[in-house]
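Here the structure comes first, spelled out in structure tokens, and everything after it is commentary.
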Amino acid sequence: MAGHPRLALRFASANGRRGERVRLGGQDVTFVAPEDVPLDGVALVFSALPHGSSAPWVTRVSVHGAHVVDLSADLRPGNGAPVDVPYGLTEVARDELTGAAVVANPGCYPTAILLALLPLAEQGLVLPGGTIGVAAASGVTGAGSSPKPELLFGEVTENYRAYAVGNGHRHLAEMRATLARWGTDADVLFTPHLLPVARGILATLTVPLARPLEHPLELWRERFANEPFVEVTDELPSLRDVVHRNVVRIAVRAAENVRHPTLVVMAAIDNLVKGAAGQALQNANRVLGLDETAGLPR
Amino acid sequence: MAGHPRLALRFASANGRRGERVRLGGQDVTFVAPEDVPLDGVALVFSALPHGSSAPWVTRVSVHGAHVVDLSADLRPGNGAPVDVPYGLTEVARDELTGAAVVANPGCYPTAILLALLPLAEQGLVLPGGTIGVAAASGVTGAGSSPKPELLFGEVTENYRAYAVGNGHRHLAEMRATLARWGTDADVLFTPHLLPVARGILATLTVPLARPLEHPLELWRERFANEPFVEVTDELPSLRDVVHRNVVRIAVRAAENVRHPTLVVMAAIDNLVKGAAGQALQNANRVLGLDETAGLPR
Amino acid sequence: MAGHPRLALRFASANGRRGERVRLGGQDVTFVAPEDVPLDGVALVFSALPHGSSAPWVTRVSVHGAHVVDLSADLRPGNGAPVDVPYGLTEVARDELTGAAVVANPGCYPTAILLALLPLAEQGLVLPGGTIGVAAASGVTGAGSSPKPELLFGEVTENYRAYAVGNGHRHLAEMRATLARWGTDADVLFTPHLLPVARGILATLTVPLARPLEHPLELWRERFANEPFVEVTDELPSLRDVVHRNVVRIAVRAAENVRHPTLVVMAAIDNLVKGAAGQALQNANRVLGLDETAGLPR
Amino acid sequence: MAGHPRLALRFASANGRRGERVRLGGQDVTFVAPEDVPLDGVALVFSALPHGSSAPWVTRVSVHGAHVVDLSADLRPGNGAPVDVPYGLTEVARDELTGAAVVANPGCYPTAILLALLPLAEQGLVLPGGTIGVAAASGVTGAGSSPKPELLFGEVTENYRAYAVGNGHRHLAEMRATLARWGTDADVLFTPHLLPVARGILATLTVPLARPLEHPLELWRERFANEPFVEVTDELPSLRDVVHRNVVRIAVRAAENVRHPTLVVMAAIDNLVKGAAGQALQNANRVLGLDETAGLPR
């Protein structure tokens, strides 16, 4: 928010750090306890509580009349949310977002993967009954900032490994439910990996097609032609292209030497920006009727 | 070869470094020009010429009676080799190798990927006509040691990207030809990535099955029960587990929430050891009738 | 220059890349050959020729009436420059710079080290005849972007070493000559090291004092009180604090348990920003009479 | 100990991990609680308790007749140890060690720094009353394996900073006391830094001399001529040269362009091997009268 022309920070709350003074969004801020949060006159709250404890808090905030962009998984599709709120994949839900009381901000992996699949899904081009293979890799900030032994520098440097293999990742439900809403019944087989980098996600998808496509990249170019935060490129995307920026960068290749028409789609984001705080601000801009790009690094 | 009880280095040749004195295999060695190589009395030559220039050299060496372990791709299956020589995936070709005049040492990616697939392929368990998805990632030494701009530290650190996407990698032919020899007609869709690490390969394979398997890991445990350099584990393999060691480390998970029975198989190797020099020495041991494990770090 | 409110790029020239199209300063630009550079109407040229070939070019540019900020070492103090031009350590030379025909932009190491020493030197507080010890470490971009074998990722990762040890670094003359101008006759013993990071310099100086100082940090706080790009802090500076920013960050500690009063002064910069392009733009702003902070990331 | 021809592991104890089964020294081992340690028949104990809690344990072990190599700082010189035990800088204390009941194993920084200074100190060549400047840098394993926020990958990668600046490091007392024993009264000004690498220490020392030396490196070559674990080299040492090896690697340069004769001495070690476990085993070999090099990687 440091560069936002219209928004200013009213308060920041962090249970374990109450009383700590930090610099946030270009302002000096002291963390208050959740129960001491001054909600009166607040236009919008960004909520990033641990998964599971978000719902009561969101209710309390809404009562005060503040909009909420919720970064937990609790209210996202596929997670058994008690209420149905817009799922803030901004490029899809833009119109629903204006004035919304609560928005469920997407997870980092789903942001990259769903935006990569969107043009195929919307046009019914994914092979019905097929399996979309997703091999993705994330920097360590995707695992949070709590000091776990497996995230120490000495463990991560010069290392690389998969985790939650065999469709065990908690973000899968969110992806599957969203694809179902989009009318795609294909299976997803998602294998995340931990990269020795601080930030960034690269997802590599193999997508079986319902029919061959002659100029596949055009599909993405057209769908995202007017999107300020989607870059469709001939060159393969790399983490370096996207870190510290609120963009998803997508490239596509047709698979050679395979019987069934198949595309390889790659999408890169910064998990902390387009995959979290950046998209949250993009959504907040929509909710409040502001310029969607305000305050966001392109 | 520094720790080999039976072999000693007779000469080393490197065209661009002739006259340079280095320490190799525990010995002080001066690089000679290829035309000055003292072949008389040499039992075996490790040849690592650039792809394309290996064949005439191998012929010249063979005339002198020396065995050759050739690390180029020229004589590997699928590459249009003028002669048919054993393909030195040791765990498969062991018996063919003893006394062989020439052995084609496998590429680094094919070593990890083919050993991961071997138990399924041998038993006809890969879905006929299906597509094996392979997302693999390699450290920078897999790209050689020539100073290319894209391999500079400043380009690789905190970065990650795919390359040769859409089945453009030159190692694919070797994998496809070997799978065909094993009777597997499935397609392979191979996407390699460049990791910000010095060494190591992790391959993540998604394999559609001809029929469900109740205890899939047992298949690998049984096939590799007596293999000194194959580790089949419950835990997911990481690069750290295998670097500086002549092993491939394999784990398997069944995919949940997909219609078609599918396995995720992961294999990790050190691209410079089991993926190159280590397997070459393992093969040399076979060729010369020595203990297969002599000189090799487990 | 992408964010500069008053300057726009007229041309870019790079001998080895002529004809190549790139995106620079927020504009699409095609590199022209040095002899084809359109100098008419150009207000200021940033020149970053290799050390040794800068002087004739600077003369040619000046003839056309354009100001020059020269990033080579040729015109810096201590290097036998044919003409005496202002040395663009902005915080020291600010008044000299306005309207200057040519400015010699400081080297990256000298920027960090000289700004760290400035308050002591100006007040005659460095022990006459003493030795200032400087152990500094730089990321790999300090060595340029040419692909040299020792800068490959595989060589730099998990490594660290000194170079030019014993006062062999070419930037030393620039530092010694500047200290002499400032009236400090102490020796400098400079040991640079290569860090496994892309960017950033941390210099750690041990400075013997002419007399003890009770509150040493106050000296820096006062000298730099109004400087927009100097941060004097209680906490020890780290590379993370300064990368991508046009700042030098300085902290000071008194040495305990030594007989002679001695300070340890630390200074951190981004070698590519405050140590090169950022300071060059800061100087250009001075030369052209613009707001000194225009276009610069703080 | 995995490669030691004469020693086998009888037990391993780790308070917080009791009952955990691990592979150590080539054996499968279950951690026992300290009070359940089977000391009968044990020849030697390696003790690595936290600093402060070592002394009573060492006493208990000694009563059982086992020798102790103690890796804590408690019994090292300068730390107010209740008893005087040999300080296991093996290259200095070799003769004292044979049969010793208890040996204090040196810290990692002191090992590198003291071995670098030894030839100068023994010959009285350090300027009396002068100041030895030591700028050293260590990989993160030097800070232990507890998960602290500042050791997370996301905090360490692409970062570099000093710590304990101004002679605040707890290893300083050990260095000063040892230099005093060696008859050197010079001050030490020690500035450690944290490197973004897993392991390795490089210490860069600037040493004012009592008199100029014509061929300084000869001093180190002669002193360490027969040492199996000291490498004196013309080339500057790097971390890569020493990691995973039980060696210290030392190079020397005379400082140019300074009034007072001064040497720059560099020493590199692996903090986990020669700086900890390797030297501990080297000392154990001496204590037990075995070949000093047994089991140690050179």
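Each chain carries a letter (A, B, C and D) given by its place in the written order, and its residues are counted from 1.
The working rule: a contact is a pair of C-beta atoms (placed from the backbone, for glycine too) under 8 Å apart; a residue touches a chain by one contact, two chains touch by 3 or more.
Treat the numbers as computed from the prediction; the structure is a model and nothing was measured.
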Most widely separated chain from subunit C, with each centre as the mean of CA atoms: B
B-D or B-C, whichever has more C-beta pairs in contact: B-C
Interchain centroid distance [CA atoms averaged], subunit B/subunit C, Å: 47
Gap in Å, rounded to a whole number, between the CA centres of subunit D and subunit B: 39
Rounded Å distance between subunit A and subunit B, as computed from the means of their C-alpha atoms: 38
For subunit C, residues contacting two or more additional chains: 155, 157-158, 196-199
Subunit A-touching residues of subunit C, taken from the complex the two chains share: 157-158, 244
Footprint of subunit B on subunit A - complex, ascending: 129, 131, 133, 135, 137, 139, 155, 158-163, 165-168, 172, 176, 187-189, 191, 193, 195-200, 202, 204, 206, 208, 236-240, 243, 251, 253-260, 262, 264, 266
Subunit A-facing residues of subunit D, complex: 139-141, 145, 147-149, 151-158, 196-199
